[in-house]
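Input: one structure, supplied below.
We call the chains A, B, C and D, going by the order they appear; numbering starts again at 1 in every chain.
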Amino acid sequence: MYQEVILDHYKHPHGRGLRDGDAEVHHVNPTCGDEITLRVRYDGETIADVSYEGQGCSISQASASVLNDLLVGKELGEAQKIQAAFLELMQSKGQLEPDDAMEEVLEDAVAFAGVSKYPARVKCALLSWMAWKDATAQALSEGKTA
Amino acid sequence: MYQEVILDHYKHPHGRGLRDGDAEVHHVNPTCGDEITLRVRYDGETIADVSYEGQGCSISQASASVLNDLLVGKELGEAQKIQAAFLELMQSKGQLEPDDAMEEVLEDAVAFAGVSKYPARVKCALLSWMAWKDATAQALSEGKTA
Amino acid sequence: MTYLPGLLDTEAIRKDFPLLDRTVHDGKKVVYLDSAATSQKPRQVLDALNEYYERHNANVHRGVYTIAEEATALYEGARDKVAAFINAPSRDEVIFTKNASESLNLVANMLGWADEPYRVDHETEIVTTEMEHHSNIVPWQLLSQRTGAKLKWFGITDDGRLDLSNIDEIITEKTKIVSFTLVSNIMGTHNPVEQIVRRAQEVGALVCVDASQAAPHMVLDVQALQADFVAFTGHKMVGPTGIGVLWGRQELLEDLPPFLGGGEMIETVSMHSSTYAPAPHKFEAGTPPIAQAVGLGAAVDYLSAIGMENIHRHEQAITAYAVKRLLEVPDLRIIGPASAEDRGATISFTLGDIHPHDVGQVLDEQGIAVRVGHHCARPVCLRYGIPATTRASFYLYSTPAEVDALVDGLEHVRNFFA
Amino acid sequence: MTYLPGLLDTEAIRKDFPLLDRTVHDGKKVVYLDSAATSQKPRQVLDALNEYYERHNANVHRGVYTIAEEATALYEGARDKVAAFINAPSRDEVIFTKNASESLNLVANMLGWADEPYRVDHETEIVTTEMEHHSNIVPWQLLSQRTGAKLKWFGITDDGRLDLSNIDEIITEKTKIVSFTLVSNIMGTHNPVEQIVRRAQEVGALVCVDASQAAPHMVLDVQALQADFVAFTGHKMVGPTGIGVLWGRQELLEDLPPFLGGGEMIETVSMHSSTYAPAPHKFEAGTPPIAQAVGLGAAVDYLSAIGMENIHRHEQAITAYAVKRLLEVPDLRIIGPASAEDRGATISFTLGDIHPHDVGQVLDEQGIAVRVGHHCARPVCLRYGIPATTRASFYLYSTPAEVDALVDGLEHVRNFFA
């Protein structure tokens, strides 16, 4: 499960650190104690920034880094599609073979396909994505995005 | 376990019915619902009467009848010895072969030796004996006996 | 051999149950007629237990190593199986307990500690029935004593049915919870769920159904029942001892407070305060009965492969035959419905004034295993003014020949005490 | 092979444990180092379960037929075995529960519903420690919330010992109950029972000892402990899942109120009120975990045959070796006592800033099963400012070669994430 890509993101996370945001959430994975604090900032419909800080395993750290790569700069609707695709991949129990179309959408995130075989680790990979979803809902409800 | 003697006592119980007493107790076997109300009357140290009423299986009914036979007219000390002997027999798990000495003390009650092999039924056999013990303690504490 | 339409292929089925080959008292084959107390276990369930312990045993939910992942998958897979078996809308509504008694106590305690609108307190009422197993009476008595809530109950008619004539006085606007058994464990009576649920819904009361004697014997569809909670127990449905189930509606399980505290049921713990995991885990404190859940999963597979409808049909046939044959025994009085209608395969009776203990003992000498006593339903005995009953109960492995053995055995009992 | 004085004949012992032959990840033999979470089961225990289900399965306490008598004798016989194992003054002091968590909740609930002098209410205090398993924290938090009693606790020193320096302020005249673990499940620390018991007795507080991590590993003598309650769990001591024990002093069990209500725990029931059976039955509502108790009895026989002192000596040897070898691993920091003194065979550690999840996963790829996380003792992690630890725990079947495999595995982990 430890693809080179994952280890790279883990060792050199992208966009790590907390910066200004429209909404902030704190998520915890109770089984292992992984934690993330995540902020989103919107510029109209566009994700201007996703900043985060947290502690956790290589999978949860790398996943947050990949999330930052993939979502920053995207329109909300598109970001939601990416999130859904990642969720589907992670829930596939190792049954989903990433194809070109998926790689188009998920880019580096297809490296997590192998993680889906390990139920205990799926939550690690999803931690930042769930936090992003939650923070976005919060920002939306407060009318921060268009 | 159903010795002829037991069936006889069951079908024709001795001393059944409630008569005057110094103390009365009500005992229940919660596993099967067997109940007995038992009264003792003392004449100084002598057991003048043990009267009882109840519902229950052949074993508990016959045992009360045998108790009446054995204890009425006895001195308290002697009755306690009989009670102890019966208790020992019932707790013997079928390991005690009644000998002449035991038969001397327990008379008809040795017929219950077989019952001791059946843990669920031991309580039935002991119901009236425990009630007698309890009623006697009560009579004693109220100073009804010498 | 007596042929009855609807019977299962018991010859094949009985091969799965090692205990049915037991002999007692110098070679007498056991005639096991006490399945209402606990059922026998098929080889398939024992194999699942052994396979779990020999190859996949680890603590669940917390391990990243292979065997722990396997154990977790097996345990949670059992939850999926049970959810499907009772047609639960969501697997997260299935809570594993140690037995039906814990399940019922769990409901009572959740309501005792709940906030409004669920809270049971001294201004509210609890409703049960005179037909309940003690495990569906005592938890409510304790709750009533501890909260001051009033405990009310439905009585029983002379022929062993619930007396619902005063339903509008029993279930009122003050009622918070109505808890009753789907099938009586002493008389076999099937109770009219719909009428009770309708009235409970009218007044906004929750409904808890004790399905301990139903789950093993018929299709149990929690959505069709329209209850809020359904409790049952593994050992009566060819599963292991040590495992029970509480199904509860998701939004209730979300709102209601936990009962037992400890590992597994938490989200995060500090010395100052803790938060709880979502249901079902919120209600599963400590290491769960892992192997037992896996065994229950295998039990549910076993029953489903035969088909709950087929099992029900088999038992109906046996029951009709047993009622008919028992009524041929002089002085025998059935306590409860004296027909085969709306009843399960559990028949209680008295035999003249021969005490049930004696009936049971003399039957045992012939290898016939029946239960005697109040069957943890003493109020029923009080209702009929009897100290105890003899109870014969049948299951998917029971045969007409075993009914015949019972009837012959009872004849022998009568002669013995004549 | 490394020779250490005091080791058991693990070659013979390991033959009894089928799971230890498992391979994972294409033929890698399992190195099972997670016995603190749950132990593996010997053939002898599985045989006892099978023998019970195949030959003696019936509900207990209520049957007059042969198999029911056998089942009752087996179940109650298991109680005798457990009573002897812990040197209980009376077998009636041994209550079977589903796990240690239920045992601890049982104590908390008994005290919450008790009359004076035991009653925990808003004027009283409860004492526990920062070193507890969640199952010995959350029940007391719930009790504190529900009664208003104040919850206090002992802290932990830097080297993983209880900080008893303020014992007289923590345990006061207001203290009703002090509940603490004999052996920490995360750090392995053995706690000084005597000092705590002495202070508790001074102020008239009850003492509850969580022996979940002690009973499997050392002589447990409840009389020597001088506690009032002792809780432990079957699955950690080569027994089945689904069975736990609460030992309590007889007079307390007589005085304290029941917790779960239902069948088996009653003396007599009417709709209006019920009376309860004497202990231990008062605290065992519903069909008990019969097979699991029988299995625990077999587990106790198995352990006793080897001898608890011998098991303890074996583990001490393994622990000393493991501590020494682990400290050779660069960047490895032991959380808890960094010596082999006054500690059990459970060792938690961190490895540089490699997350324990990653440590565990990469070890698993080599067949090594360790646990990672907060081990249901999150306050300990908070105390040391770490999110989680990697924990290796050893038992009577563990070998020095397995310690070596762990150390090699950790080297591989370091290289992998370097």
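Following the convention adopted for this analysis, a contact is a pair of C-beta atoms (placed from the backbone, for glycine too) under 8 Å apart; a residue touches a chain by one contact, two chains touch by 3 or more.
Note that the coordinates shown come from a computational prediction; the quantities given were computed from them, not determined experimentally.
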B-D or B-C - the one linked by more C-beta pairs in contact: B-C
Longest centre-to-centre distance from chain A, chain (CA-based): B
Between chain D and chain A, distance of the C-alpha-averaged centres to the nearest whole Å: 39
Separation of mean Cα positions, chain D and chain B [Å, integer]: 46
Separation of mean Cα positions, chain D and chain C [Å, integer]: 31
Chain A residues counted as touching two or more neighbouring chains: 31, 118, 121
Of all residues in chain C, the ones touching two or more other chains: 62-64, 68, 266, 268, 357, 361, 372-373, 378
Residues of chain C touching chain D in the complex: 18-19, 22, 24-25, 30, 32, 34, 37-38, 40-41, 46, 49-50, 53-59, 62-68, 98-102, 104-105, 108, 113, 130, 133-139, 141-142, 146, 151, 153, 233, 235, 240-244, 258, 260-266, 268-271, 273-274, 285-292, 357, 360-361, 363-364, 368-373, 375-376, 378-379, 382
Contact footprint of chain C on chain A as seen in their complex: 28, 30-31, 118-121
Sites on chain D touched by chain B in the complex: 61-64, 68-69, 72-73, 266-268, 277
Chain D-facing residues of chain A, complex: 1-2, 7, 31-35, 55-59, 61, 118, 121, 124
Interface residues, chain D side, partner chain A - complex: 355-358, 361-362, 372-374, 378, 381, 387-388, 416-417
